[in-house]
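There are two complexes below, and they share chain A, which is joined by chain B in the first and by chain C in the second.
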Partner chain A sequence: MNLIGQALTVVRKDLLLEWRGKGRLISVLMFGVVTLLLFSFAVGPDSTLLRAAAGGFLVLALLLSSTLGLSESFRVEQEQRAIEGLLLLPVDPIALYYGKTLSNTLFLMLLAPVLTPVALILYSVQLDLKGLAVLLGLWTLAAAGLSAPGTLYAAMTSRLQSQDVLLPLLLFPLVIPVLMGAVKSITLILTGDPMSQVGSWAALLASFAIIYWSLCGLLFPHAIEEGI
Partner chain B sequence: MSIRATDSATLAIQTRGLGKRFGRQWALAHCDLQVRPGEVLLLAGANGSGKTTLLRLIAGLYKPTQGSMTIYGMDPDQEKLACRRTLTLVGHDNYLYSQLTALEMLQVWTRLRGAELEKAQAIELLREVDLHDRRDYPVGGFSAGMRKRLTLLRTRLEEPRLVLLDEPFSALDAAGQNLIEDWIEGYRSAGKTVVLASHNLPRSSRLCDRAFLLQEGQILWQGTGEAILDQVGTTV
Partner chain C sequence: MTRQFKWDSGIGLLGLLLLFVGSYIGLFVAPSERYMGEVQRIMYVHVPCAWNAMLVYMLAFIFAIISLWTHRPKWDAATTAAAEVGIVLNSLLLVQGSIWARATWGVWWDWDVRLTTSLIMLLLFAGVLALRSFVHDASRRATWTAIATIVAFVDVPLVYFCVRWWRSLHQVQSTPDTVAPMMVVPLRINAFAILFIAIWMMTQRARLELDRRRQDQVSEPERLAPIGGSNNA
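== the complex of A and B ==
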C-alpha cells in the first residue's frame, strides 16, 4: 500500500473515532463559541470596534479551539497505546503524520460553519455569498497552517503530563505568520478590501501552510523515533 | 549451543553488546543473543530485569544506547519497514481504540499493512479467540482478557516470521492460555521464531527450546526450559 493509501486509512479511522465520540467536536465548538462571546463582552457594544476586530477574534477562537482539539486527537492514541500498535506495523511514519494532520485539518474546518455565523451575528458583520466562500477558503488555509505544526507538537508532547501547558507554549510562537496572514486576510474580507490586498495575505497564509506541511512531515519520523 | 558469528544472515535475531539506558539507569546492558529461525525462546526474570526492554529493542520501539542487532540479517536502523514486516510484538498494552469495534480494529490493522480483510475472514479470526459474537461491539466495553485476545490476533493477522510476546498469558483465563500455547506450538511447527517474556514459568518453560534468565539488565543464565525451573523455581 502506498503512502497515500496508508494516510487515508488513518484519516478514515480518525473520522470514525470522531463520529463515535462526538464529545470532542461538541466541546471544542462550545469552547469556540464561548470565546467569541467573551471577546464581544470585553469590547462592549461599540459595533464599529467589534466589526474591526471581528477577524482577529475569529482567528483567535480558531487558535484556542485548535489546541484543545489537537491534544485530544493524541489522547485517543495514547489511551491504550494504540499509536504504538500502528508504529509496529510496516507503516511509514510520514503516512501516519499526514493522516493525522489531514484529519486534524478537517476537524478544524468543521468549526467554521458554527463559529462564522456566530461571529457575524455577534459582531454585526454582513457578508455576501462570495465573501463567505472566500472566508471559508481562508479558514481552510489557516486550519491547514495550524494543524501541521500542531500535530507534530501534539505527538511530541502526548506522553507528557504537562501537555496542555506545553502544546500552546510551543505552538503559538511558531504559528505567528499563519495568525498574521489569517487575521489580516479575514479582516479585509469582513471590513472591505478597497486596495485588493486579500490575495497577497492569502498567498502568505498558503506559503506558510505549505512550508509547515513539508517541514513537519520530514521532522515527524525523528520526533517519534523512540515511540510516542 | 554456540552459533558462529558468520551465520548472522541465517539467524532470526543476533544482538551484539546490545544495551539501553534511561537517564543514568541501564535497563539492559551488554546483551549478546543469537536466536535461530524456528526457535522458541523464553526470557525470564523479575520485574525490571530488562525483558520488556529487550523485546522493545528487537521490535524497533527503542533505539539501542549501545551495541547492534540484526533481524533475519537486516539492520533495523537501515531497513525499518522491512523489519516491521518480519515481526510482530504483542506487549503489555492492547493497542486498541475504545470506540472502534473488534471487526473495525482488525480492518484498520490489515489495511495499514496494505492488505484487505474480508468480513468472513475477520469473523473466522475472531471465532478463534471466541470474540465472533462481539465483533460489532466497541472494544472499550471488553474485559481485560477479551482485549488481550483481540490484540493477540495481530500475530495471526500479520503472519510474521518473528513473534515477540510480552507476558502473553497475563489477563487470560485457562482456555485463553491453552489457546496461546497451541498457537506458539503452531508457530514452532511453521518454522516461525518466538521470543516470549513471561512470569508464568511452568507453562512457558514447557514451550521453549531455550531460556534466558535476566537480572538487572544482564543475562545471568541460559539453558533449557526444564533447567530454568530448577534454577529459579516456578515463579520469578
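== the complex of A and C ==
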C-alpha cells in the first residue's frame, strides 16, 4: 500500500472509532457551545458589542475545543497500548502522521455546523449563504493549521502526566498566527469587508497550514522513533 | 578541565568589563537624546539584549537541528543552554522595553509589533522548556526538545509578519548615520559585552546539563549498593 493509501486507512480507522463511540465529538461540541455562552456573559447583554466580538468568540471556542479533541485523539491510542500495535504495523510513520492530522482536521471541521449557528443566534449576527460558504472555507483552513502542530504535540504529550497543561502551553503561543488570521477574517465576514481584506488573511492561514503540515510531517517520525 | 575553565570564565569576565565600560560611556559620556531625554540611555542595554536574544534563539534552532541529526548529548545540552539564555535575555528585553515605553509613550504595554512578537517568542520557548522538564528518558528528552525548538523557531517570522498587520507604534530603528557618534560607541561595546556574557552563560549551562545527564546515567544498583559500603549515603 502506498503512502496515501496508508494515511487514508488511518483516517478511516479514526472516523470509524469516532462513529462507534461518538462520545468525543458530542462532549467537545457541548464544550464549544458552553464556551460561546460563557463569552456572552463576559461581555454582557450589549448586542452591538457582542456582534463586534462574535468572530473572535467563535474562533476562541474552536481553539479551546481543539485542545480537548486533539489530546483525546492520542489518548485513545494509549488505552490498552494500542499505539504499540499501531507502530508495529508496516505503516510509514509519515502516513500515520498525515492520517491522524487529516482525521483531526475533519473532526475540527465538524464543529463548524453546530458552533456557527449557535454563535449567529446568540450574538444576533446576520449572514447570507455566500458569507456562510466563505466562513466554512476559513474554518477549514484554521482547522488544518491547528491540527498540524496539534497532532505532533498531542502525540508527544499523550503519555506525559501533565498533558492537559502541556498541550495548551505548547500549542496556544504557536498558533497565534492562526488565531489572528481566523479572527480577523471571520470578523470581516460577519461585519462586512469594505476593503476586501479577507483574501490576505486567508492566504496567511493557508501559508501557516502548508508550512506546518510539511514541517511536522518531517519531524513526526523522529518524535515517535523511541515510542510514545 | 582547568584550561576549559579559564577559557569561558575569561570570556565572561571580558563581557562584564565591556558592559561596565559601555554602560559608563552610555550613562556619562554620550549626549542625551533631544526628545526623550535621559530615559533614552536605556537603549544601551535594551538594543544589545534584543540583538543577542535573537542571535541566541537562532543558535538554539541550529543546535536543535544538529542534535536531531547526530543524537549527541553535547548538542542537546547546547540547545537547552541556548534556549534558556535566550529566555533570560528575552525577559530582560521585555522589562527594559516596558520601562522605556512607560517613560516615552506613557503606557507600560502596547500592542506594537516588536513588543508583541518578543512576548510570544518568550512564551514559545518557555513551552519548550516546560515540555523538556516533563520527559524523564534522556534520549527522548533530547529528541523532543530539538523538535519543539525547531517548531517554535519557525513560528517567529510568521508571528512577526502577522502582528505587523496591526498598527505599529514602535519607533523606526535608528541607523549609525542618524545618531550621534558617541551613541554608537557604547551601543556596540554593550552588544559585544552581552554577547560574551551570553556565551559564558551558555557554556556553563551546557556543562551543567552534561553533568546532570552523566549523573542520571549512574546505574541504580551502583548507587544503592556501593562497593565497600564506604562514603555513599
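Definition applied: the second predicted complex is superposed on the first by the 228 of 228 C-alpha atoms of A that agree within 3 Å, B and C clash if a C-alpha of one lies under 4 Å from a C-alpha of the other, contacts with A are read in each partner's own complex, and residues count from 1 in each chain.
The rule is short, and it goes like this: contacts are C-beta pairs under 8 Å (C-beta built on N, C-alpha and C of every residue); 3 or more make two chains touch, one makes a residue touch a chain.
Note that the structure is predicted; figures quoted are calculated from it, not measured.
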I'd like to know which partner A:169 touches here: chain B for first, chain C for second, both or neither. second
One more residue to check, A:79. First (chain B), second (chain C), both or neither? first
Touch test for A:131: chain B only (first), chain C only (second), both, or neither? neither
Now for A:5: first (chain B), second (chain C), both, or neither, which partner does it touch? first
For A:17, using the defined touch cut-off, is the partner it touches chain B, chain C, both, or neither? Pick first, second, both or neither. first
Can A:180 be said to touch chain B (first), chain C (second), both, or neither? second
A:56 in the overlay: touching chain B, chain C, both, or neither? Say first, second, both or neither. neither
Of the partners chain B and chain C, which touch A:222 in the superposed model: first, second, both, neither? second
Considering each complex separately, which residues of chain A are in contact with chain B in the first and with chain C in the second? 225-226
Using the touch definition from the top, list the residues of chain C that touch chain A in their complex. 68, 120, 123-124, 126-128, 130-131, 134-135, 137, 139-140, 143-144, 146-148, 150-152, 154-155, 158-159, 161-163, 165
Interface residues, chain A side, partner chain C - complex: 149, 152-153, 156-157, 160-162, 166, 169-170, 172-174, 176-177, 180-181, 184, 200, 204, 207-208, 211-212, 215-216, 219, 222-223, 225-226
Please name which positions on chain A make contact with chain B in the complex. 1, 5-6, 9-10, 13, 16-17, 20-21, 76, 79-82, 84-92, 225-227
Taking the complex as given, what residues does chain B use to touch chain A? 59-63, 81-82, 84-85, 88-89, 91, 93-100, 104, 108-109, 111-115, 138, 147, 151, 154, 158
